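The first chain written gets the first letter, and so on, giving A, B, C and D; residue counts start at 1 in each chain.
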Amino acid sequence: MEFSIYDFSSFTAWIDQSLRAAMSPGMAVAIEMLIIGVAILIFYAIVGLFLVYAERKVCALMQNRMGPNRVGPGGIFQTIADLVKLLFVELVPIKNADKILFSLAPYIVIIASFMAMGALPFAKGLHAIDLNIGVFYLMAVSSMGVVGVLLAGWASNNKYSLIGAMRIGAQIVSYEISVGMSLVTIVVLAGTMQLSEIVQAQQYGWFIFRGHIPALIAFVIFIVASTAETNRGPFDLAEAESELTAGFHTEYSGIRFAFFFLAEYINMFIVAAIATTVFFGGWMPFNVYGWEGFNKVMNFIPPFIWFLGKTGALIFLIMWFKWTFPRLRIDQLLTLEWKYFLPINIINVLIMALIVLLGWHW
Amino acid sequence: MKSVIEYFRGIFNGIKSLLVGMTVTGGYFFRPGTTLTQQYPDNRDTLVMFERFKGEVVMPHNEKNEHKCTGCGICEINCPNGSIEVIPATEVTEEGKKKRIIDKHIYHLGMCTFCGLCVKTCPSQALAFSQEFEHAVFDRTKLTKVLNQPGSKLMKGVE
Amino acid sequence: MEKSQLYAAIAAAVPEAATAEGKQFVELTVAPEKLKSVMGRLRDESNLSFDILVCLTGMDYGTDLGVVYHLRSYAFNHMAVVKTRISDRENPAVDSVCSIWPGAEYHEREVYDLLGIRFNDHPDLRRIFLDSTWGYPLRKDYKDDVNIVSK
Amino acid sequence: MEVKEKMGRLENEEYIINMGPQHPSTHGVLRLVVALKGEIVQRVEPHIGYIHRGIEKMCENLTYQQIIHLTDRMDYLSAHINNEAVCLTVEKALEIEVPERVKYIRTIMSELTRIQSHQLFWATFGMDLGGLTCFFYGLRDREKILDIFEESCGGRMIVSYNTPGGLMNDIHPNFQNRVKEFLKYFRGVIHEYDDLLTGNVIFQERSKGMGVMTKEEAIAWGLTGPTGRASGFSCDIRKHNPYSAYDKVTFREILYTEGDVFHRYLARMEEMRESMNIIDQLIDNIPEGPFTAKMKPVIKLPEGEYFQSVETARGELGVYIVSDGNKNPYRVKFRSPNFVNLAPLNLMARGSKIADLVAIGGSLDLIIPDIDR
C-alpha cells in the first residue's frame, strides 16, 4: 500500500476497503461518515480559528497596528482565548423572543456552512463526496445560511435585528443569481458540473487564463458577489455596526454569537475555495504546457498546499476589500446587482458559450 | 450609444477608484514597518512624557525636606473645582511672632481638571505639575493626597 | 454701513423700539407684545435684512426676565441686538420668532427649559435638556442644595 | 408611551427605533428617535441633554480665568478655539490689546486645532460609512498635532492654554520645528484621505445628494461652519470679522453650493489644506515679545454686555457675557455651533434611508457636549 501526499485516492480507497473487509457494508459507510464528519469538524474549527486570527492581523497591519500580540507568540492563541471566553459567557435570555427559533438560528447557519465543506476537493482524491452536480450543490447549500440569519433577526424581538435580517434576505436573493451565473460561465467552459472534473480540466491552464476575458469578468463578479453573499464588508449591511449596532446578532451572546461569528469566516473560506476550484484550478499546481522543468518544480509542492494557498490568497483579497471600502447602502447594493452584475453576467455567459462553440479557448 | 459609453465609463472609473483605495491599505500591509502601536506597559521604562505635561499637582521638596508653600491659600481660591484645601496652622517664630504656615495641603486628584491655575498663580512657585499619569487606584479615597510631606518645613527665604 | 448709519436706519424702520447706539452693536429694546412685528421688519427691510439669528439668550435681570436676540445680516455683515423684558416672573411669555427664523426653535426651547419663558406659537415647546421635575436653573433665585456647592 | 406621544401619531406600517444614547454612530450620548417606514426615515426627533452640565450656570460662580477650563469641555475638539473665544470677549471688554506674539500663537494653535478636529471628523465619518480603516489613519495623523499641543500646553485635548490677556506659558522652543515637521508630514499623507474616501465610488454614491440644505435654508436655520459653507452660506468669521491674526493672512473661504453630505465633507477636507496654508504664513513670523499682556490677578469686567464670535471647527461659537462689574460674570451664554446645526436634522434626513441618517449625522460633525453644554 503506497501513500502519497500527491494523490489521496489510494489512501481513501484503502480505508474504504479495510472497513468493508472488517464489517458489513452499511456499518462501513456509517463509520466512514463518522470519520469524515469528525475530520471536517476538526478542520472547520482550525480554519475558523485561524481565519479569525488572520483577519485581525491583516486588518491590524493595514491600519498601522500590531493586532493581537499578547497570547502566545505573535498572539496566535488569541482566538482560542476568545473562544474560551465566549464559551463561558452567559447566554442572555431575551424577553419576548421566540425561544425555539432564537436558539435554532445559529445552528442552521453553522450547519449550512458545514455542509458545503463536504463537497470541496481539497486535493486529488481528498473530498468527502464527488457529486456529479457539485457546483450546483455548493450553490444550493451555501445560500441556506440565510434562513438561519432571517430566523435570528425575526426571533430576537429587536427592530435592529429585524432590519438587518430583512436586508440580508434581499441581499442574498439578489446576489445568489450573480454567483450562480458566474459559475455557469465556467460550467459552460468546462462542460461539467462535477468538481473533480472541473479541476482535472485545468491541468494545463486554469480556467481564469483559458477562458479569456469572460472568465476574468466572471471571476470578478463571483468574488464580489460572494463577498456580498457571505455578508462581509463592504456588503455587511446585515450587521452594519454603525447603523444597526450589530444587525441580526445584536441580541446573541456567548456560544451562539460565536456560531454566527465562526460561520461568517467559514463561509468566506468556502466561497474562496469554490473560486479556487472553479477559476484557479483547485489543487492543481501551476503548470505551463511545454515547460517541463518548471512544471516539475511546481508539481513538487503538494496539492493541498496549492489549494490552501490559493484559497488563502483569495481570502486575503476579500479581507482587503473589507478593510478598505466604506459600506454600501441597501438600494445601491441592489442597484449594483440588478443593473450591473446581472446584465453583464448574462452577456458574459453568451460570449462564453460562443467561445466554447467556436473552440476559441485553448 | 452615449449612455452605453457612460455606463461603461462609470464602471471603469468606479473600479479604478476602488483600486486606488486598495493601494493605500495594501501599501501599509506590505510595509509592516509603519506600525505605530506603542507597547505601553512594556515600554514604561523608555516612555518619556513632555516636561509640561500636566499629570498631577505636586509640591516639590528639596533634600532638606523643605517646601515653598507659605499657606497663603491663593491656589485654593483660584481652583475652580475646590480640589485644593489648605489647612493652615500657626507657628511661633524665633522672634516670637506668630506666622501662618501650612498644616496640610490637601489635593483631591479626583476633582482636578488640570487647568493649571494653582500652579500659575502660586506666588512662591510652591506647586508644580509632575509627569505622572498612571492615576488608577482601587479606592477613591486614595485620590485625595496631602502634598506637603510629613515633617516638612518652609524653605528659608520664602515669604 | 457704519454703526451710526445703521442706528439711523434701524430707528427709522422700527420707531416703536427704543434704539440706542450701544458699545458694541446697535441695541434695540422692544416690548414683548411688539417683538414679532419688529423682528419681522428687521428681517424684511431691504437695507437692514437681518436674516441670521446668531444667538438667542434668555436673561434673568433679577426683577424681570428678558430675551436677547443677536441678529446679523448676511448681505451687509452688520449686527444688532434686540432685547425684550418681561416683568411677569410667574408666567413669562413672549412671541416666538420661529416663523421668522426657523433656527430659533432650539434656542427658544433652551430658554424655556432653563428660564421658564414661554414662547407663544412655538411649534414644539418642550423642555430640551432637563426633565419636567427640574426648576428653571438659570434663574437667579434657583436653589439646588444637592448639586450646587458654593464656597 | 412617552415616546409615542412625542413622535405624533404613527401612520400605518410606521415604527420607531431609538438610535442612542448608546449607539455606535451618534458620537456620544445623542439620542435620535426615528420613525421609520421600512428603511425610509419619516421623522427624526433628537433628544439631547444627556450630558448637560449647566456650564452657563457654573460660569456665574467662577472668575473669568476659571471659565476657561469649562469651555475646553464644551466642544472638546475645538478646545483651544473655545478658550480663545472667552479670552477675546474678556479682552474686548477690558479694552486691552494683547501682544502680537500672542495673536500669532493663538492663530496657529487655532488652525492646528481645526486640522485635528477635521482629521477626527474624517476618521469617524469614514467609520460611520463603514470604512473602518479611515479611523486609524485619521487618529494616527491627529496624534502628531496632539503631541505638539502636549509639548507646549501640557494638555492634549483639553489644553487650557489661553488665559484672558495672553497665554498660560510661552510656546515650547521646539514648537516651530515640530509644526513645520507636521506640515511636511501631513502634506505627504493627505492624499491618502482622498484615495481612501473622497474619490471612492462607493463613498461618492453614499454621500452625494444626501441631506441637502439650500443656501436659503442654511441662512434661515443659521447653519455655520463647513456645514453652512457647503450650502453656499459665506459665514466664515475669520474672513468677515477677523480676530487675532486672521487679518494678516490670506486664505480662501471654502464655499460650495450643493449643500449635501459630500460637499460638507469636501469643505472640511479643503479647510485642512487652507489651515495648513495659514500656518505656513505665520509659523516663521512669530514676533518676539511677552506671551501675555499685563493683567491684574482679579479681573473685573466693566458693567455691560459683550459678544464675540469665533470660528471653531464646527461653526460660529458666540460668547455673550453680561457683566455687573463683579469678578464673576452675571450671565454667560455660549452660542454653540452644534446646537444650531443639529436643529434642522429632521429636515435633512426626512425621506432618506436609515444609512443616510447616519451619514447626515456624521457630516454635521456633532460633538454632543457642545450641544448640551
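The rule is short, and it goes like this: a contact is a pair of C-beta atoms (placed from the backbone, for glycine too) under 8 Å apart; a residue touches a chain by one contact, two chains touch by 3 or more.
Computed from a predicted structure; not experimentally measured.
Relative to the C-alpha centre of subunit C, the farthest chain centre belongs to A. Each chain gets a centre from its C-alpha atoms; the one nearest the centre of all protein C-alpha atoms is D.
Centre-to-centre spacing of subunit B and subunit D amounts to 24 Å, using the average Cα coordinate of each chain. Averaged C-alpha coordinates give centres for subunit A and subunit C that are 64 Å from one another. One simple way to say how far apart two chains are is to compare their mean CA positions; for subunit A and subunit D this gives 45 Å. In this assembly, the C-alpha centroid of subunit A lies 51 Å from the C-alpha centroid of subunit B. The residues of subunit B that reach two or more other chains are 18, 21, 24-25, 36, listed in rising order. The residues of subunit C never reach two or more other chains; the list is empty.
Looking at subunit D, one finds that residues 133, 140, 196-197, 200, 202 touch two or more other chains. You'll find the chains touch as A-B, A-D, B-D, C-D.
The touching residues of subunit D, when paired with subunit B in their complex, are 62-63, 65-66, 68-70, 73, 133, 140, 143, 147, 150-155, 158, 160, 163, 168-169, 172, 192, 195-197, 199-202, 297. In the complex of the two chains, the subunit A residues touching subunit B come out as 58, 61-66, 69, 320-321, 323-325, 340. Put simply, subunit C touches subunit D in their complex at residues 23-25, 51-55, 57, 59-60, 68, 70, 74, 77, 79, 81, 101-103, 105-107, 110, 114, 126, 128-130, 137-138, 148, 150. Of all residues in subunit D, those touching subunit C in their complex are 6, 48-49, 52, 54, 56-57, 61, 92, 219-223, 233-234, 240-241, 304-307, 309, 316, 318, 320, 322, 331, 333, 335, 339-340, 342-344, 372.
Subunit A contributes residues 59, 62-65, 159-160, 163, 233-234, 236-237, 240-245, 323-332 to its touches with subunit D in the complex.
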